[in-house]
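Structure provided below as structure tokens; questions to follow.
First chain written, first letter: the chains are A, B, C and D, and each begins at residue 1.
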Amino acid sequence: MMAQSGKVGLWLIGAKGGIATCVSVGWAMLTRSLTSKVGLVTELPQFAQAGLVDWPDIVIGGHEIRDVSLAEESRAFASVNRTFERQHVDLIADALESIEQQIRYGTVFGADQMIAQLASPNVPRDRSAREAIERIAADLKDFKSRHNLRSLIVINVASTEPPVDPSQFPAKWSELEQLLAEQPDPGLPTSTLYAIAAFETGCPYINFTPSLGPALPALDELAQHNNVPYMGCDGKTGETLMKSVLAPMFRARNLRVLSWVGHNIFGNLDGKILDDPRHKSSKVQSKDRVVSGVLGYHPQTLVSIEYIEGLGDWKTAWDHVHFQGFLGVPMVLQFIWQGCDSILAAPLVLDLCRLTERAHRIGIVGLMPFLASFFKSPYDVKEADFFKQFQMLEQWIESVSHSHPS
Amino acid sequence: MMAQSGKVGLWLIGAKGGIATCVSVGWAMLTRSLTSKVGLVTELPQFAQAGLVDWPDIVIGGHEIRDVSLAEESRAFASVNRTFERQHVDLIADALESIEQQIRYGTVFGADQMIAQLASPNVPRDRSAREAIERIAADLKDFKSRHNLRSLIVINVASTEPPVDPSQFPAKWSELEQLLAEQPDPGLPTSTLYAIAAFETGCPYINFTPSLGPALPALDELAQHNNVPYMGCDGKTGETLMKSVLAPMFRARNLRVLSWVGHNIFGNLDGKILDDPRHKSSKVQSKDRVVSGVLGYHPQTLVSIEYIEGLGDWKTAWDHVHFQGFLGVPMVLQFIWQGCDSILAAPLVLDLCRLTERAHRIGIVGLMPFLASFFKSPYDVKEADFFKQFQMLEQWIESVSHSHPS
Amino acid sequence: MMAQSGKVGLWLIGAKGGIATCVSVGWAMLTRSLTSKVGLVTELPQFAQAGLVDWPDIVIGGHEIRDVSLAEESRAFASVNRTFERQHVDLIADALESIEQQIRYGTVFGADQMIAQLASPNVPRDRSAREAIERIAADLKDFKSRHNLRSLIVINVASTEPPVDPSQFPAKWSELEQLLAEQPDPGLPTSTLYAIAAFETGCPYINFTPSLGPALPALDELAQHNNVPYMGCDGKTGETLMKSVLAPMFRARNLRVLSWVGHNIFGNLDGKILDDPRHKSSKVQSKDRVVSGVLGYHPQTLVSIEYIEGLGDWKTAWDHVHFQGFLGVPMVLQFIWQGCDSILAAPLVLDLCRLTERAHRIGIVGLMPFLASFFKSPYDVKEADFFKQFQMLEQWIESVSHSHPS
Amino acid sequence: MMAQSGKVGLWLIGAKGGIATCVSVGWAMLTRSLTSKVGLVTELPQFAQAGLVDWPDIVIGGHEIRDVSLAEESRAFASVNRTFERQHVDLIADALESIEQQIRYGTVFGADQMIAQLASPNVPRDRSAREAIERIAADLKDFKSRHNLRSLIVINVASTEPPVDPSQFPAKWSELEQLLAEQPDPGLPTSTLYAIAAFETGCPYINFTPSLGPALPALDELAQHNNVPYMGCDGKTGETLMKSVLAPMFRARNLRVLSWVGHNIFGNLDGKILDDPRHKSSKVQSKDRVVSGVLGYHPQTLVSIEYIEGLGDWKTAWDHVHFQGFLGVPMVLQFIWQGCDSILAAPLVLDLCRLTERAHRIGIVGLMPFLASFFKSPYDVKEADFFKQFQMLEQWIESVSHSHPS
């Protein structure tokens, strides 16, 4: 039960992409009781007393750079991926239309050619990073005031950016701020501009992608200063979730992993972007650190992500684990994961919105390590074992349920 | 470090079967540093301070009903299953020979035709259950005194028996004892006769099979009365281990399992016995309860175990998990496990010997729930989540390390 | 191009089951150019000159024992199995309605309880086998004359019956005919009653199931006497197709198959019927003979078919082939087939209708061995190699194309 | 039965690599009846009357650039890959020793750094391509005369070279010959130098690798002029064999392949060489052409080969085939191949030796298209369907059996 008055905003960067589309369709169906609560972590019994925001009290908006219609994207997603049925989309057409009204043009400032070419000609061409930040911030403030929101959670579900070396930027916010004032383009990626805009307007920020986003010392300082929590990065939905579950089994049984090979194929827009080697490398690094993170040694690992157009949003992963048992005997575990990526991600985005808002409400500032189980590469969290990460979440929600009756 | 003087005995029921063969080969190699400690749970760092018995301080003996040679079985196991090399067996020939000297004929009293037909004509034909118990007990006592053992751990690694209804036996030991005194055959299965013999001679007993063994109220009373700990049942080595690891993942993500199908094929002697439908049903029940035990609801499940002679000890399992994600979208996880069953089981038997001896030494009596992670169907333990079971073990060993410096 | 005037009838036994539903939907979409010709063997280039009947010249009718609507079954099939879209069904609603008008109540005479319990109370309860045959025959004749059909092909796509020993029936038609005249129930299964009705009315008959159908010497005599061709049995759609393709590879490379295990899971109505052990045994036998038929020796084989409700029409098969290479080295091939069974079967039924009609038109009588590639257990054809079977078809169609210009 | 007198030589380029090691071990075991004939195509019944050379009439020699011992490589292969047993190697030690005596240092002229670094410092450093050819030719002539061989078959089983553009070399032998006379290094890869040496000494040449070898118009002319047959390229042992068997199934059933992804992992020396992107590209091209070659259209395909050290010679391939059935329904076939690559290749090399010698004996000159079924990329053969290729072999051997009684 929500004690406080006011609505909560969920602002999606990449608001008409596959994940955001499923978030919007899912939220609309939830509020109309057209779907069950399967897939939502925050609907498990242990979250019932934590005073999380109710689904009808959420308002969705976001930034997008393409000229597409959310309703059309929803129908196409349904048809291409044979997930929910098109006629269900018709039942929530008005809800999708009202979200559509809340979507603004994002920025391509800081984006590379691969992303920029997707953008509508109507996307405003910001002349400097600071100008982009201001425009984004204005959209956030406007949304907040228009809907009288008590809190606005910004979640980045846009395409993966190429890796950036964070050490090239000053560690202090005052210096980075000055750089932004002086240089039109200090080299910050788009995801970081969004994070700055969020923090400067007092909005918590969740990085569901492996892009840089808020992962800079200067931004941590900014978040602290503005009393907002944030977390990331890279939602853990399928193959990496499996790794973070299975690697602890090998460790607990003292079975030695010799090699862990994971091949991923899929065909959605994210896959198309990842088909570019620079974008792909961000993702592969994020997927690859789990195994040795859990095991404490470095078996040979290999991760590939390949774009196979006909698969659409259905990510198929084949993992081959070669391990050594007692007396040196080599054995093999293989798994094949066939999951619809955006359908797996969407409820986690909704969960993160609720949990982040709750953390914000009780005054948590900066990193939220208790959200580690949602991410492939949780900021500042060494624990890579999914179940230990999940226990951190359970313990936090237990403490919230007892100490902060809503 | 072992503070107390004296050796510890490990008594294997089924002492020349596949698991026991690997236990003996493994123990011999460990004591001569011919193999690494991979696969041994008790060699993980968290067990280092718990005062567990050192490998050289263990003496192995056992009961067997077939006329085969341990060294020959070891060589055959190596060749047929392409595991360790035959020439390694030659290096430990003397150790195997000395174990061979400690092996006595077991009993087939209480066994069905399927098992009895495997027995050597030289196996003594006991005329009553009580006579069988006495003969077994005499072997245990003799072994104990001959080697001046401070403790003797009896572990059942014999073939799976058909299921028995435990409610047909009296719940009090005094009544069961009287029955044994009065009736030549009160219908107790062989595994239970061994358990009675163990308890009556003060030996802890571990049931590594799904056979009935000590799982009767009357035997619990007997164990309590004789101050011995015991645990079971059915070692968790491969496919069921995977289930107890993956089912918690589905639960933690609120993904609804629609069906879980597991097909197991293998070709060792155990598989041949399990090819008999009555023996198989014990195993299938034991393997099948994990999924709903973790999930808290009952998806459609199916478990098969089939004997495919050419596979030898290599158990191949294909599991197909059909689950529902957000918005009702069905997805699939499949895994294929290719493990050498006896090689997976053997280190767990050695671990259980060490841990049970430690528990016995600090005075633990009756069930040992902290050993649940080793079993498919841990006695009296509802928790089916492998990692929660493993935490119980870690917590116990932590407490032992601190409270009972050896 | 069709030279002769008149339409061709396709009469489906089990006219509202999964396969028949997909046949009707598929035929309707083909005639309206709403779908491509993928999956239709007779649309391959080598069939172009063979004078096969055009899709618009086919009229569909059939027998069914359940009270369900074809349009509803089509919509349900689309939703449950996420195959074609429901709105496509709307576009062909009138075609489905006109097929619906041509469907008559079948008979449950000769069926066991498992099948009989599915039947509508409105299904006429025939008092004798002969009465059932006459009623069926009347329906066929009526359909033929009402649509002025030049030929009517009867195809059995009903549920699998339990196995029947064919040797219990007289080998001569005159004797079987007399039995039918004298005894109300001479023990013939339903599928055979349909075959007799078809032959007596001059209709070719295709047995797409492993049921007995026309596979009796007496019926062969009847077919010859009435100048009709027939063939069967058991459509080869998925796992068995794979076997008939892969076994020849092992043979050609002189690799020795040690074991071939195939586990099939699915959840359609056919699966529910097959869940009954007696019905299942017919199917398993039919699936199991391919491997040794190709190889010429008998590796250990195992076939299971299990009903997993949630899978609907999606048949998943896991096959594990253990084989020996040079120098005795054992290796493994595994495959996983995820196919929608009725969608795989439907085009083959349409193909068989066209090919059988063509054979009938040029005067072929009795068995049609050139259709072997369509069946798991082709009548009287020893060749189990799919590609050799397919060459028989190609050679026949080549000869038809040249010798019988239409 | 061999009518002609004299022995037949088999000369292996890469004579101590994995394949050659298994060829030598296999040949030695065959001649001593220590192994069965499983895996040898030419031991199938249809080859019995073709007058192929008997195993004891073959003498093995070869070129190698590394300083290793064949016996040691054999034992290591046995241990690392758990294939044949080490003690079997002891039984054939004398045979291996006599082959060892026939092995000469090959050349690294024309090889890149990746290969050259493997070479012993004792390998003669030829100063020109022509000098390398002459030295190789001298070794062949010497071997031939020393053993009084009636024929010497040269088979390239060395590591894969990077791709070379064949159009850069003159199409006429006279011009290429002149180039070799005038320029120290006209840029020909090592495999081509071996082929020239073979042809100039009248030896048939089989290219079991995807390296350039004899695949130049000028070399075809040279082969014709010297009356020798030759063929290649790239032995078809595992995943590609599967492709050439399964793709025809999809074609025959008119099922449309949308994508075909194949990931290969293995850890032998060949894999280490292929880990270099330039060497890998030769292999990937060769593996990738089969699918569209059979289907006649171009589905999206992807082939990867990755070096995973711990797997040794055990090549594991996962193939994911996404295909469209009737009514546009997408389905999936996946297979996992776990084969020991050199064990699969070795008998084919022995088969090719016998078949090539037979072809040479009856005067066949130039390409041997009837050997297409042995190769991933058979020279000048469009037919990619394995069974059609195999029929070409059967027809040829049938004609040889009848027309050329030995």
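One rule holds for everything that comes next: contacts are C-beta pairs under 8 Å (C-beta built on N, C-alpha and C of every residue); 3 or more make two chains touch, one makes a residue touch a chain.
Since the structure is predicted, the reported quantities are computational estimates derived from the model, not experimental observations.
Visitor: Shared touching chains for chain A and chain D?
Guide: Chains that touch both chain A and chain D, as defined above, are B, C.
Visitor: Consider the two chain pairs A-B and B-D; indicate the one with the greater count of contacting C-beta pairs.
Guide: Higher C-beta contact count between the two pairs: A-B.
Visitor: Please tell me the distance, in whole Å, between the geometric centres of chain A and chain B computed from their C-alpha atoms.
Guide: So the centroids are 45 Å from each other.
Visitor: Indicate the whole-number Å distance between the mean C-alpha point of chain B and the mean C-alpha point of chain D.
Guide: Inter-chain centre distance comes to 50 Å.
Visitor: What are the residue numbers in chain C that touch two or more other chains?
Guide: As it turns out, chain C has residues touching two or more other chains at 83, 332, 334, 336, 338.
Visitor: List the residues on chain D that touch chain A in their complex, please.
Guide: Residues 258-259, 261, 263, 265, 300, 302, 304, 306, 308-311, 316, 318, 320, 322, 330, 332, 334, 336, 338.
Visitor: Residues of chain B touching chain A in their complex?
Guide: Its residues touching chain A are 22, 25-26, 29, 35-41, 43-44, 83-84, 241-242, 245-246, 248-249, 252-256, 324-329, 331-340, 343-344, 346-347, 373, 385-387, 390.
Visitor: In their shared complex, at which residues does chain A touch chain C?
Guide: My answer: residues 79, 82-83, 85-87, 336.
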